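I've put the structures underneath this note.
Note that chain A is present in both complexes that follow, paired respectively with chain B and with chain C.
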Partner chain A sequence: MNGFAIVWSERALMLSGLANTVVLSLLGTLASLLLGALLTPVLVSRRRAPAFVALRFVDLMRCTPFLLLAYIVYYGLPSIGLRFDNWGAGLFALVLYNSAYMAEILRGAWMAQPREPIEAGLAFGYSGLRLFRRIVLPPLLLAAGPVIGNQTIQIIKDSAFLTIIALPELTHAASSIQSRRYIPFAAFIVAVFLYWGLCLLVEAAVAFGKRLAEARQ
Partner chain B sequence: MSFADVLAILSGALTTIWMSAAGIAIGMPIGLGLALIRWARVPIAGPLVITYVSLLRATPLVTLVLLVFFAMPQLGVTLEPIQAGLLSLVLNTSAFNCEVWRASLLSFPKDQMEAAKSVGMGRVLRFRRIVLPQVVRASLPGLVNEMSLLVKTTPVLAVVGVVEVTRAAVRIGAETYEPLPPFFVALAVYLPIVFVLVSTQRRLERRMARSTAP
Partner chain C sequence: MSVADLSTANTAQDPSAPPPLAATRPVLSIAGLVKRFGAHTVLDGIDLQVERGETVCLLGPSGSGKSTLLRCINWLEVPDAGRVLLEGETIGVSTGGVVMGDGQLSRMRTRIGMVFQHFALWPHLTVLQNVMEAPVHVQRRSVDEVREEARALLERVGLSAKHDAFPAHLSGGQKQRVGIARALAMKPSLMLFDEPTSALDPELVGEVLTVMRDLARDGLTMVVVTHEMSFARDVADRVVFMDAGAIVETGAPEEFFGAPRTERARQFLLRYSNGAATPGETR
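Up next, the complex of A and B:
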């Protein structure tokens, strides 16, 4: 039987892997965007100590390979009493790692924003969290949209690394089909094309968001 | 964890370093070649490069290295883990490098080309003496960024059996039942390497911002 026909006969496994990849990437993106948005004001804060700690955290994550972090969370942390199952470990590592990148992306966009709307917001009596949520964040997200899209693609690709901690995502499904049925080419090429499809979807969403942002101006 | 274990991780570090260096050295000129094919709008090859770059940029390295390692024997080519790993690194990084090179080629000022033409420079000379030096400089921050990304994805090569830093650390952790110490040694290997690349990139970006400022 042809390799692709075998993959088709195993489509239930392949699709559940794809669904898990989508869930992981979606949860990972949303949670790290949220945490990143909380971390950004700390990064640009004038208070030295918290800003210093936040900066070191971002630098540490930027210099660590994601796979090593996943290993540390899954195999290393249990020895100090923190035990996760593979979903918990995978999501924790994914969010911890990418929230640093999201914070850095939002910080970059923040620095490029004009001061005037913030001054106007202050003059209208906005302050603290309300100022950040209503005045600072919306144009920030619109300006950073394409870069956040790139990071989402990065998260989709990072989620494939979690196959090493036996998380049943797309690459894991392809591996399991190839090891039982000996059809490496068909199994992995189908996975590659599914990843490609996901990334093209993200790119389309970014383009759509950009048009929306232009229409608002 | 014994002294011999630390040495085992450090010998893994040598593998990580030489494979990263080889991947960068081979992938960078290939990326430039691909970017030039797109820049020159070569028929057939141009659209092929677009597809190649889009596909490779969307493929996780772990999926790619599994594909290369397990599927190549089906085509009659048996690869050692190291060879499969290096081939995957090159395929992956050349696609990203192509985008970096292309961006700086696209922003290259047209008037300089006209000026070079007007003093009678041929195509090759124009590229070698006028375009290349400036494009290399404009691409450097992006290329260094890509280098740090490449170093950070090398642990993935362990899935096909390349014994680099992370795999050496996992093995020691499994033998001693104390996984954290070898992981921290591994981290101590990666941090300075990636940190040097990341801060070089920042310095280059600052220098470029200064030189283009009015």
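Up next, the complex of A and C:
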């Protein structure tokens, strides 16, 4: 039997892996973006202590291999009493890691924004979270759209590491098929093309965001 | 002044807006205001009162502290000493002398409209959305009511055709007229103009000044930092001349421009009449 035919015969497993990858990446991206956005004002804050802590956190995450972080969350944290199932551990690691990147991306976009529209927000009675949500954040998201898209692709790819904590995502499905049926080439190449398809969707979303941004330039 | 004019809704003449007691008080009262940036004293004890319906133009050379004074009024700059009272209420400091919480300060700021030198429109929103944004999301007024008013205001500043345009696609003069409509939509008791024409190409200055002239005529209470001497001369009820962080001279425009009392004011006016103006001044 041809390798690809075998993959076809295992399509239910492959598709459920794909679905899990989509769910993981989607939740991971949205939660990272949300937490990253909440972290951004702390990064640019003039209050030294919180800004220092946030900056160190971002630094640490950016210098940690994701695989190691996933190991720590799944195998390490239980030894200090924090126990997750594999979905919980996978999502937690993905979000912890990528919210640091998202915060850094948004911080960079913030630095490039003019100060006056934010001042106008203050002068018109905005403050706190409402100022951030209505006035500060939308231009940041528009400006940083393509970079956020890149990071989303990174998240999709990082989710493949979670096979090591037995999360049944796409890479896990492909490797399970190849180990039972001895078709590494076909199983993995199909997985690669499926990842590619997901990235094309992200790129379409980025293109849409770009049109929104360009209309405002 | 036409009674049917929309501006009446935005000024003190609206009988429903201010409590009767406030009508007798100055809209703005500044006492002993001091602002320092590091070792540099930018404002050195400013006292100023602005009555309801009055248009006051702040004049003075670059670096004299005009813009800083304006920004201290709504606490975009936090003064180091002194008090700012809006309709008798202290801004920024609660009773007992503690600094106001963000929420309370924000509520007071909604009563002060501000027009910025570089427009400061919100780039992600259309013209109409810019005007509607704060009335809907800060003042929590009904969207339908605000939309009606926003349309009327945009018509008033001559921008009916630009509702759905984004700020980036407007000329400087159009942007500033949106900026004015956006501030008026809050129905403020006081309007601050921070060099509203300084960033404009010369041929666009007129359209903005025309709108401001109408507002002054309709009785809006305005404090205007400007380098447009002819505007100050024609429109101001009172001119305040500042130099080196202090008010040097104040008076009716015909007195100030006709017979300045101080040497510094004379020098200043001389420089402007010689065409050495600095219209592109930034803070």
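Here is the rule we use: the second predicted complex is superposed on the first by the 215 of 217 C-alpha atoms of A that agree within 3 Å, B and C clash if a C-alpha of one lies under 4 Å from a C-alpha of the other, contacts with A are read in each partner's own complex, and residues count from 1 in each chain.
The criterion applied here is as follows: contacts are C-beta pairs under 8 Å (C-beta built on N, C-alpha and C of every residue); 3 or more make two chains touch, one makes a residue touch a chain.
Source: prediction; values computed, not measured.
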Is the arrangement of chain B and chain C around the shared chain A a clash or a fit after superposition?
fit
Three-chain overlay, vertex chain A: chain B-chain C angle, C-alpha, nearest 10 degrees:
110
Once chain A of both complexes is superposed, is A:Arg62 in touch with chain B (first), chain C (second), both, or neither?
first
According to the stated criteria, A:Ser175 is in contact with first (chain B), second (chain C), both, or neither; which is it?
first
With both structures superposed, pick whichever of chain B and chain C touches the larger number of chain A residues.
B
Touching partner for A:Thr163 - first (chain B), second (chain C), both, neither:
first
Chain B versus chain C as contact partner of A:Ile80, first or second or both or neither:
first
Once the shared chain is lined up, is A:Ser45 touching chain B (first), chain C (second), both, or neither of them?
neither
With both complexes superposed on chain A, which partner does A:Leu200 reach: first (chain B), second (chain C), both or neither?
first
Pick out the closest CA atoms of chain B and chain C after fitting on chain A and give their distance in Å.
20
Would you please give the residues of chain A that touch chain B in one complex and also touch chain C in the other complex?
none
Chain A-touching residues of chain C, taken from the complex the two chains share
74, 76, 102-103, 105-107, 109-110, 112, 114, 116, 118-124, 133-134, 137-139, 166-168, 182-183, 186
Residue positions on chain A within touch of chain C in the complex are 114, 116-117, 119-128, 130, 134-135, 138-139, 142, 215-217
Can you list the chain A residues touching chain B in their complex?
59-60, 62-68, 71-72, 75-76, 79-80, 153, 156-161, 163-164, 170-171, 174-175, 178, 184-185, 188-189, 191-192, 195-196, 198-200
In the complex, go through chain B and note every residue touching chain A.
54-55, 57-64, 66-67, 70-71, 74-75, 148, 151-156, 158-159, 166, 169-170, 173, 178-180, 183, 186-187, 190-191, 194-195, 198
